[in-house]
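As written, the chain order gives the labels A, B, C and D, with residue 1 at the start of each chain.
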Amino acid sequence: MTTGTVLGGGVVRKLSVIRRYIRRALGDFSGNDGTMSFLNKCIFAVIAVSLISAVIETEPTLQNALPFIWLNVGFALFFSAEFVIRLWAFTGRYHIDGAIKRLPPDVRGILALDLVVVSFWVGSVSEIFLLRFLRLVLLIRLMEVPVIAAALRDLAAAVYSRRGELAVSLIFAAIIMFVAAVALYLIEGRIQPDAFGSIPRALWWGVATLTTVGYGDVFPVTALGKCAAAIFALAGIGVVALPAGIFASALVDRLGKTSAP
Amino acid sequence: MTTGTVLGGGVVRKLSVIRRYIRRALGDFSGNDGTMSFLNKCIFAVIAVSLISAVIETEPTLQNALPFIWLNVGFALFFSAEFVIRLWAFTGRYHIDGAIKRLPPDVRGILALDLVVVSFWVGSVSEIFLLRFLRLVLLIRLMEVPVIAAALRDLAAAVYSRRGELAVSLIFAAIIMFVAAVALYLIEGRIQPDAFGSIPRALWWGVATLTTVGYGDVFPVTALGKCAAAIFALAGIGVVALPAGIFASALVDRLGKTSAP
Amino acid sequence: MTTGTVLGGGVVRKLSVIRRYIRRALGDFSGNDGTMSFLNKCIFAVIAVSLISAVIETEPTLQNALPFIWLNVGFALFFSAEFVIRLWAFTGRYHIDGAIKRLPPDVRGILALDLVVVSFWVGSVSEIFLLRFLRLVLLIRLMEVPVIAAALRDLAAAVYSRRGELAVSLIFAAIIMFVAAVALYLIEGRIQPDAFGSIPRALWWGVATLTTVGYGDVFPVTALGKCAAAIFALAGIGVVALPAGIFASALVDRLGKTSAP
Amino acid sequence: MTTGTVLGGGVVRKLSVIRRYIRRALGDFSGNDGTMSFLNKCIFAVIAVSLISAVIETEPTLQNALPFIWLNVGFALFFSAEFVIRLWAFTGRYHIDGAIKRLPPDVRGILALDLVVVSFWVGSVSEIFLLRFLRLVLLIRLMEVPVIAAALRDLAAAVYSRRGELAVSLIFAAIIMFVAAVALYLIEGRIQPDAFGSIPRALWWGVATLTTVGYGDVFPVTALGKCAAAIFALAGIGVVALPAGIFASALVDRLGKTSAP
């Protein structure tokens, strides 16, 4: 045994320990105690910061306020490093070909997304934004904290248990929106061709009115049109309140069952 | 027995089998398993497509995008064929006179509607739209899938069980809307004659405000008018929330009773 | 006994029967079976028609569409006659002085209102409107149909049982509206003096935003103002949903208790 | 014993009684019977009046309507007197240095705020407003009327018991708002650079739409943008209804548990 071999063996052993530690830290999105590892929290924070940076970057008046070019280089380096380390931690290799087969199935998706993100960052393409967003969504999916997972299951169960009523109420909402649009098209189509000149155009009014958003870009001007719009608006409140009411009642029911015993 | 007669008898027998099959398929809107027959699904799909086509057809900027004239001819042929087949399947005849008496009562309505639809399609009249819509509504009525039927019964029972409270809350809503309109008419009627110059005009403002649609075409400009409008808007939220709250509570109650045992 | 006296006695007796019948019919707003007498229904209908007529009368473009002058004369005669008949039916006299003391206390209010209404109708004053409205409100008060009365008691009991929570949620709503107005006044007061130049002006924006009416006559234009407005709008949804939610839950609770046993 | 000494002793004794009485009255924000002392009610009323005065003072058109300068001098004197009396009542001294150590801990905060308020009033600074508001908030905090305190505890417990579901629903709301803004930024960014030229700008639209405020200063104009906006508006209703529904259901649950036994 030479000192070199021993030293090499020590390095290898040390690297192996580090690798195992990183693998555990990266994989530990959801411990039994409902927390993420510190490493994952850091990665999550950088993703959030890069997301905010990408959002602000689009604002013309702020484009000279921050050194976005250096921030992007920094994010590109960070995500590249994360990609290489994750690849190495889970497969022991630094390059993709041949390593993919060794990957656990649930890590492959993250890595593939990582690769796309990195390639976009490196390419400095400005519209990479959506991909980073997808990545965040993925993290949310993985962030299966027990309490949130239970809440999600309750939500899904609530929707599922009332799927019939929800479908009916949505059909009601669609019908009233449709009828309202047809009515206003027939009443005001010739007077305001830009606003009600076709049923799709009248549907834009219908959505804006029955959701009570009411931008005010489109509204009836004739007496008959106003009467019809008033009736549809008043009826629409009830119909639009239906799905929310059913959903809330389903949740009450569900949560009552869950927390009762 | 000649071969011709045998052949003729075979054709008749085959036709009779087909007729029975079609009759069963057309009549089978709601099986015990809550599904429509494949034939009805196809008819329903064509109705939906023709509906969407008729909606898009009204849009001036898209009128050259699709060969609507050929689509309309196609729909006219399809619905004519459906009419003739349905008539034959249920009565054994291809023409209307004399066949109607043989029709089962619940098929007559569909056929009458079919006839109107076909005549309008053939006439290429553009406003036939509403009739096709009625037809869709009829289909929805017939689509008595068990789970939806139960949901509808629950909805109706919920409304019925709280009819007193719902009536009271609707009376409250009407009164506050009326009082708001009268108040703004008295306060702003002379300053904004176009917007508040009469009580019906002020009612348009009242509906737009208390449903929280708020188009922004009409709003008070004086200090007193703004104070009054603010008070009515704040009070209106509660009053408009009343019917929805009562309705939701009725549903909770009803669904709790239904699913409990 | 002369025939005259006998005839006179017969007339008096007949009048006495009619008077008793009218008194019963006028007083019978709410029988045990929850219905109004036919006479009261007629009076109610005329009041409704006169109300609608008075509403339409204010519309300048419709003022020549109906002979409002003759309608008003008709309503004046009707209400005058009703007043005289009611006075006679309850007191046996046709003129007011001396008769008032004989009136049952709960009829006096109606008659006083009647007198004002009649005097206004006769005077052809156009703004009498509000008084007729008050009369309708009075009728609604008297229309104590059992089911509606029970519903009203439930509503009142629901509000009373949660008065603490409702007060707290209303205080929350007032505070957030106040803070929002002050914030926007400080942020945008100098940039948009017309819209946010004072706290009362900013409160108009606050009410329009937090009730989600959003007329669009007033909105922040600076980046900071938009950020603040967005945060207040998002927070305001929850706060505005609070009273309605508490109210609905109180009703659920109340109605559950009422209908359970 | 001279009469002077006796008289002096009597004055001291009387002052001591008054001091004790004032101390009790000032400290008695929440008796066991849930009421404030008369003295505290008076102070509260003056604070409310000074608050309203400060609000109205900001309105340019009303600045000559009331003698605000004398009102402010009056409020300054009142709050100065209150400060000195409170200091004396709790410590027996009229000046701050040395007295603070003697103060009960829960009175120090009020006095410190009082001092700031007084200094601002005396300085006649117009923006002191927020501080007075803080003072009102403090009073609300102290106004621990049993029924309101219980309601607040119920509210807090309701939020806490559903913190998981509320967090999930808020995350959903943030995601849909974010996705909507990105979509409209991609679709309409080049056509309406002022409205959708950056993601932060599009977020302003997203907040205005999904809260259903709908000012109408920003809305999509292209067909694709309108389609996307309609879908997001319809989906947003459900998502925005989620937290309110969960919150209401939590309250129902909580209040049911509290009032049941």
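Assume contacts are C-beta pairs under 8 Å (C-beta built on N, C-alpha and C of every residue); 3 or more make two chains touch, one makes a residue touch a chain.
Everything numeric here is computed off the predicted structure, so don't read it as measured data.
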Interface sides of chain A and chain D: same vs different residues, half threshold: different
Reference interface A-B: repeating pair among A-C, B-D or B-C with over half of contacts shared: B-C
Between C-D and B-D, the pair with more C-beta contacts: C-D
Between chain D and chain C, distance of the C-alpha-averaged centres to the nearest whole Å: 34
Interchain centroid distance [CA atoms averaged], chain B/chain D, Å: 48
Numbers and ranges of chain D residues touching at least 2 other chains: 200, 203, 212-216, 244, 248, 252
In the complex, chain A residues that touch chain D: 55-56, 58-60, 127, 129-130, 133, 137, 140, 147-148, 150-152, 154-155, 200, 203-204, 207-208, 211-217, 240, 243-244, 247-248, 251-252, 255-256, 259
Parts of chain B lying in touch with chain C, wherever the complex brings them together: 162-165, 167-168, 171, 175, 178-179, 182, 185-186, 193, 197-201, 203, 209, 212-216, 219, 223, 226, 229-230, 233-234, 236-238, 241-242, 245-246, 248-249, 252-253
Residue ranges of chain C in contact with chain A within the complex: 61, 212-216
